[in-house]
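Some structures to go through are shown next.
The two complexes that follow have chain A in common; it is paired with chain B in the first and with chain C in the second.
== the complex of A and B ==
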C-alpha cells in the first residue's frame, strides 16, 4: 500500500496522530520552538539516511508526511487546521506519484472527499457548539463535488498532457523494470511464475474469437549465445537500437490471416512491446527491430496503448550472410560431449528438418522433466542439464535447444515473450501476466525461413494451449506435480464467485488503465481533432480549456437565470389567456383591475362558471403573489385555464 | 400620564376573552382560510404568524385586529372603511392625518384608537400661538439642585393626538418632524428617545377655513395616510343620535391589545410577502406619478404604500400582498402627497390619485 516509502514514515504519521488524540484533551501541545526544530532536524536526517538522498519522489513525499505529522502535534488554531487540510490534499496528489493503480486512486478519492467533509463540517453551522452530525456535511460535500464534476471531466479531457520538457523521473529504470530482461539466464523465467503482475492486456477488435492455435506473444529476440545464457544483441540501457537492429521489413501484407490486436501494455521500463507472433504493421513511435520484434523508441514507463497487426505466416525467407554468421555463433566453452551430441545428429541425417526432429526426439525420450524449480544452473552447465539432471523450465529447453541447433549448423535464435493469457469475458480482453512469460526457439530453414519451434512442448505437451496457471492446475489435479498452495487456497481461488469477482475487478482495472491512464497526449489530440479542434501547443490548449470552461459557466448562469424567469411569464401568459376568454363572453378585465376584484366581478357576471373562475384566480394569486409558489400547480393551472368556458363555444 | 401603567400580566387573557365573546362581529373582514378543493392548496393563510405571536389556544392575528376594528366601529358609527384605514396605518407604524370639518368625530376616533390599545395617550390642541417648547418640553432651573432639569412635554407619549394641527405656525409644526420620523427629540444638544410604539394622530380642518396654516410638504410626507371621515349616512347618524353619549362610550372602552402585542403585530406586517410581480406594480405606480406630476411620489411614499398595503393584506388574513391591497390604501396614502401639484391646481389630491390608479395597468 505504501509502495516504496520507507516503512517508518507511515508508522511515524500514525504515531503522531495517536499522540494528538492523547494530547488534545489534556491540553498538551508541541509549543517549544527548540523542540520543533530538533524534531524536524532529526526526522529529516532520518529520511536522508533511509534513502541516501533528499532528492526524488519518495524522499520528497516522506518529507511532506513527516512535516505534516509534526504539524499535527503543533496545530491548535483554526488556521492551522485549514493548512493541514491543504497539505493533506497535496499529499493525496503525491500518492499518484507513487502509484497510479485503481485501488490507490479510489483510496485517494475517499481521502479527498473526507478532507472536504472535514472542512465543510469545520465551517458548518454546527462548528460552534456540538461536533455536529456527520451526514449533513457529507451531503454538502457531495453537492459540491457534483457541481465540480463537469469541470473535472472538462479538465481531464482538455487539459494538456505535457510530454516534453518539464517531467518527473518518477523512478529510476531498475526499480521500474518488471518482467524479463534482455538477458535470459537459467531460472530467470521460472522466478517470474509466482508474479501476478500484469504484463499487458490484448483485445482483438476485428474478430469475435481468439485466433486459432497457441498465442505466442513475441517480446524480444536473443541472438548472443553463451551456452545456457542468451542475450539480446545490445547492451541494456543503450537507447539506440542502431541500424543493425532493423530487420528486413516484410514486403507483402499477409492477407486475410492478419490479426489486429489492441494492446495495453503495463510499464516495464524497457523498450520492447508485445505482439502476436509475428508483427508486421508497426504502431507509431516504434520500430521493427532485427528479429521481427517491436521496439519502442522511448522506454515504456507508463501505460501505453497501441494497435498492431500480426500474421501467423512466415514472412521474409532471406538470411543475410552476416546474420547467418551471427545465428551460428557458439561460445568456445561448450563441452565436447555436447558438441558430439550435435555431430551425431548430423551424421544420422544432414537434412535440417531431420536434425530438428532428432533433437526433439532426444528431449522427448531421454526422461526430461518440466519443473518450476529445476535447481540452479550456470551458463556453462549445458552438459549437466542435457546428460545428468534433465530438469528444466522453458528457458532451459529453449536455450539448450537453440545452442544445440547452432552446434548442428542450423541458424537458431531464442525468442522471449509470453504464452497464452486469461480471457476476461466482461472486458473481452486477454490478460497476460508476468507468470505467462515463456521462451522458445526459432530456427532457419532454407525453404521456409525462420520457423518457430517450442522445445518445451516436447517435454510438457499441452502447455502451449493453456496459460501457465491453468496448466499447472491441471497437472496438480492429475497428480503429476506437487501443489504450490494449500488445497483450501486452491479451491478458493478456483471457485466460481471468486473467479467472477476477480475477472470483474480486472475488467474495471483494464478500463481504468486504458481510458483514464491511457488518455495521453496522442489520444487527446485525436479526440480533439475528431471534434474539429486542432491544437498547436499546450498553452493554446490551456487557453482553449479556460475559454470553454468560462463559456460553460456563462451558459450555466444564463440557464439558472432563465429557469426562474419563464415560469412567472408563463403564469402571466396563462392568466392573460383566461382574461381573453372571459372578454369573449363580455367580461373584460380593466387593465388596472386586480385578479381578486376581477374574479369577483366575473363570477357575478358568469354565474355558471363562477367556481372555475374562483379556482383560476386563486391559483393565479398563489402562483404570482404568494411567498412560496408551488411548482406542481402550474400544469393544473394551465389545464384549468384551458377548461374554462370550453363548452361555451 | 405614566407610560407604563398598563403592564398588566393578564392583558392577553383579557384580550382573548373579549375576542371570543364578540365574534362574529359586524365589521368582520374576510378572514376565513379559503382552501381550494381542486388544488388542495391553502391560498389565504395566516400560518406564517400563528405560532409566534399568539398563544396556541388562540385564534390568529386577524382576530385581534378584528376585535380591535370592531370596537372602534362601535364608537364611530358608519365609517368602517375610514376606521379600517386608520387601523392599517397604525399597524404599518405610520402616522395618521384626519382631515375634515369640525364635528364629524375626528377626535373621538383618535381617542378610541388610543384607548383600545392601552397606550399612554396625550392630546395637544394646536393654536396659532403655540411654541415648540410647549409640545417638546422645557429645561427649567431647579433651585434645589442648582441645575437645569428637563421637563418633558406632551409629545413624550405613545399615542399623541394633535388637534387642529394646521392652526399652529410653521415653526411649531416643524418641531414635530424629528419626533415623527426618527421617534426621538433633540433639545439643547440632548437626544431623548420616544416610547415605542409612537403614533401621531393629527386632525386638521380643510385648508380653506379661516386661520389655518397649510402643512408643509415635508410634514405631509411624514403622515402615512390622510383620511377623511365625512358626515355619516342617515341611518348611522340616527343610530348615533339614539345611542349612548360618545364620551361615556370612550370611558368604557377596554384595551384590546397590550403594547407588546401591537409591536409584534407591527413586526408581522413587515413580513407579509410582496412578490416581485407586486413590486413591479408598485413601481409602475410610482413611475407614473413622477411622469404626470412635477414632484410625483417620493421613495418614502413608495415605502409608505408598501407598508400600508402589507398591513391591509394582514388585516384581510393574507400572508401576501395583492394589487387590490395597494389599491385599497392608495388614495389614503397618495392623495395628500399629490395634492400640491401646481400644474393641476384645480384638482384635489384625491382625484389625482384616483386617476393614477385607473391609468396604471396591473402587470
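== the complex of A and C ==
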C-alpha cells in the first residue's frame, strides 16, 4: 500500500494524526524542546536501522514523513500550519519519484488539491455548520485551479528545461527491469506470463488500423548456444555491445511493406529497445546491433518515445564466414541421441528447407504440449525435453529448435522479443505487456537470408496471431487448459463494459505517458520551433513566460474587480447630482441636512426653481422610503434632475 | 473613514518558504528530468500566482467605520467598536483589523457576505490618562493561500479619553451644610433609597441589574439608588497636599465617582478651571474629562 517505505513509517504518521485529534480538544501539545529532540533522534535512528542508511529516496521520504508527524504533534500557530502544508507538497513531489504512474499522479493531484482546500479553509473559513461550510473552500480552490490551468500549461510548454547537470540517483531501476535479460533459460519467459506490467506501446502514424499479420517485436538476438540456454553475445553487465557487435549488417532498402512505428517504452533500466521485425531506420541515441536489433546508447530510465521504421523484407543477404561459424556453434555436452535426431533429418533430405520442415513436423507429430508451467529444465536437459517430457513454453521450443538446426548444419539464432499485444481502438495503439514476451528462431537460408521461424506455432497454432492472454482465454474456453482464475473473474474481465473501461483507461494512461511524461527538452525544442519560437536562450524564454503570466494575472484581477464592485444606487447617484447642481448656484447641502429641510432652504434661495426642487425632493423621499417604487417614477425622477437648472446656464 | 492612498501588498513570511519549496522542486525536477515533477511544480506555481489577484481583490469594496468610543479609566481597557462593511458583491473572507500605535491589537473576521457588515471590538489597554488619538486602523488579509498580504490603511481623526485611575484613601470632604445627624455615606455611596430603574448600559455594574425584571422578560434594567441630597461639595485640587499630580488627580477622580454615586452635588476646582457644583452623568463626564486633560 505504501510502496517501498518501511511499514512503521506510515503507521507512525497515522498514530501521530490520531494523537493530534485526541490532544487538540484538551489543549495538549508537544511543547518540551527536550522531548522533541528525543523523539526526533529516536525516529531518525529507527529509520537508519530500517534501511541501513539515511541516503536514498526511501530513507529521505521517511525522514520527511517522520518530521511531518512530529510537526503535527507540535504545531499550533498559523505559521506552523503553513509550513506543514508546504512540507506535504514536498512529500507529494517525493511520491512522483517513487512512481510516475497515472494512478499515483491522480492520487497526488487529489492530495495537492486537498492541501489547497485546507489552506483556503484555514485562511478564511466559511460559516461553520452552514451547508456551504465545506464546499465553499472547495469551490474557491477549484476556481483557483481553473484559473491556474492556462498558466500551468503555459509554464509546462514554455518554461525552459535546463538540465542542472548533477543527477542524484533515485533508485536502481536495472534490478526492477523487465522479464528480459541477455540470457534465455528454460522457464524464464514462462515466469512472466502473469505479469501485467506494460513493456511498451506502439502506434502506427501512417495507418489507421492495425497492420495485418502476426506482430513480432524484435528485442534481442542470442547467438551463443548452451543447449537449452542461450545468451546474447556480450557479457552480462557490460553496458554496451562491443564494437564487433555494432551494426554489422548493411542496411537495405525497405520494401513497400515498411511500417513506421512510434514506440513509447516503459523504463526498464537496460538498453533494449523494441521494434517490429525487422527495424532498419534507427532512432537517434540508438544503434542497430549485430542481428538487426535496436540498442539504446543510454540505459532507459524514464519513459522514452522514438520512431522507427521496420520492414519484414529486411534480411541479411550475406553471412560472413566468421558469423557463419558462430551461428553453427554448439556445446560439446549435447547428447548423442539429439545429434542423431538432427543427423537423421539430414539423411532424409539435405535441403535446408526440407530439414526445417522435418523438424517442425517432429514437433507437430510427437505429442509436444504447450504449457505455462512446463516444470524445471536444466540447460543440458535437451533430451529430457525432446524425448521424454515434451512439455514446454515458447523458450523451450525456440532454444531446442535452434540448437537442432545448428546440429543439422543450418545457421540459427534465437530472437527474444514480444509477440502480439492488445490493440486499443480508442487510442489506436498496441499495448504490449511483459506477459507477451516471446522467443523464436531465425535460420539462415542461402537464398533468402535470415528467416523467421516460430516453432511454438507448430505446437500451439494460433498463438502467433493473438496476445498471450487472449490466446489463453480461447484455450480455456475450448477446455484445452485449466483456467488460472475463477470463472466469475474471467467472465467479469471479459465482459464488454469492463473491457471498454479498461481500454479507455489504458488510452488515457498512454496519453499521460506520451504527452506529459515524454515531454522533455528535445520535444519542447521541436514544439517551439514548430510554432516559430526559435531557441532564443532560456532567460528570454523565462522572461516571456513570466510576462504572459503577469498579463494573465492582471486580467484576472481586473475581471474579479469588475465582477464584485459595488452596485451603483441610481436613486442616490441622481440625488447627488441634483445636490451638486444646487451647490453650483451656492446652495450647498449640509451634512446634517435631511432632503426636505434642504429642499425648503433651496426653494427659498432659488425661487424660480422652487417647484421643481419641491418635486425632486418629494420623489426622492418616495423612492427612498416608500415600500415599492416603480421604474416609471425613477425615470421621471431622472428627467426632473436633468431638467433642473438646465436653462440657467 | 478615510482610506489612505492605495492598498499596499507585500509578501508574507511563508512566501519565502514557498520560494524555497518551489526552488527545491525545480532543482529536483530538472536534475531528474522528470516531467511529472515539473507538472507538480508548475501547478503549485500557477496556483500561488493566481492566488495573488485573489488576495488583492479580497479587500476591494471593504471599508470600516468607527463608532463612538466610551471613555475608560487608566489601567482598564478601551473598547473600539469597529464596523467592517463589505460594499462589494462578493463574500470577503479572512479579514484582520489592526490598530496601529504602541499596542497592536488584532481581530479577525472570518467572512462577511456581500453588502453586509461585521462588527468587531478592538481592546486597547488604557495606560495613561488623557486624550489619545486612535491613529490609523488597518485592514489586512492573506486570503486565500497566505502567501501575500494586502494592507489597507484608514486614517481616523477620532480620539478617546482615558480618565485618571480613581484611587486614594481620603474621605469625601464634608460640606459645611452637612447635617450632623447624617452618617457619612458608607460604602462608595450608592444611596440606600431605591430611586427607580433605567435601561442597562453596557459597562454598568452588574450588581445593580434588576434580575427580577429580567426574569419577567423586561430586558436588562439597572436599579437606581439615590442617597438623600446633601449639601454640595467642592473638590479642590489645591486643597490636596500630595506631591504627585497624578496622585491628586486619582484622588479627585475617586471623589467625583463617590459624589456622583451619592447623588451629591459636587464642583471641581482645578488650577485654571472651575466647574460649578451639579450632579448627573453629563456633569460627571465633564469633570472627568477636565481631570484627564489636566496638564
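The working rule: the second predicted complex is superposed on the first by the 510 of 649 C-alpha atoms of A that agree within 3 Å, B and C clash if a C-alpha of one lies under 4 Å from a C-alpha of the other, contacts with A are read in each partner's own complex, and residues count from 1 in each chain.
As a convention for this text, a contact is a pair of C-beta atoms (placed from the backbone, for glycine too) under 8 Å apart; a residue touches a chain by one contact, two chains touch by 3 or more.
Computed from a predicted model, the values in this text were never measured in an experiment.
Legend: residue contacts after superposition of the two complexes on their common chain; A:636 is shown touching chain B, with no touch to chain C.
In the superposed pair of complexes, A:625 makes contact with chain B only, with no contact to chain C.
By the touch criterion stated above, A:573 is placed in contact with neither chain B nor chain C.
Of the two partner chains, chain B is the only one touched by A:594; chain C is not.
Within the superposed three-chain model, A:615 lies in touch with chain B and out of touch with chain C [touch as defined at top]. By the document's definition of touching, of the two partners only chain C reaches A:140; chain B does not. Touched residues of chain A were counted for both chain B and chain C, and C has more of them.
The touching residues of chain B, counted against chain A in their complex, run 34, 36, 38-39, 41, 43, 48, 273, 275-278, 319-324, 327, 357-363.
Across the complex, chain A is touched by residues 13-14, 17-18, 21, 24-25, 27-47, 49-54, 56-57, 60-61, 87-90, 93-94, 110-111, 114-115, 142-146 of chain C.
Note for the complex: chain A touches chain B at residues 568, 572, 590-597, 614-615, 618-619, 621-622, 624-627, 630, 633, 636, 640. Per the touch definition, chain A reaches chain C in the complex via residues 78-79, 82-83, 86, 89-90, 92-93, 96-97, 100, 105, 108-109, 112, 116, 119-120, 122-127, 140-141, 144-145, 147-149, 151-152, 155-156, 159, 161-168, 170, 302, 516-521, 549, 553-554, 556-557, 560-561, 563-567.
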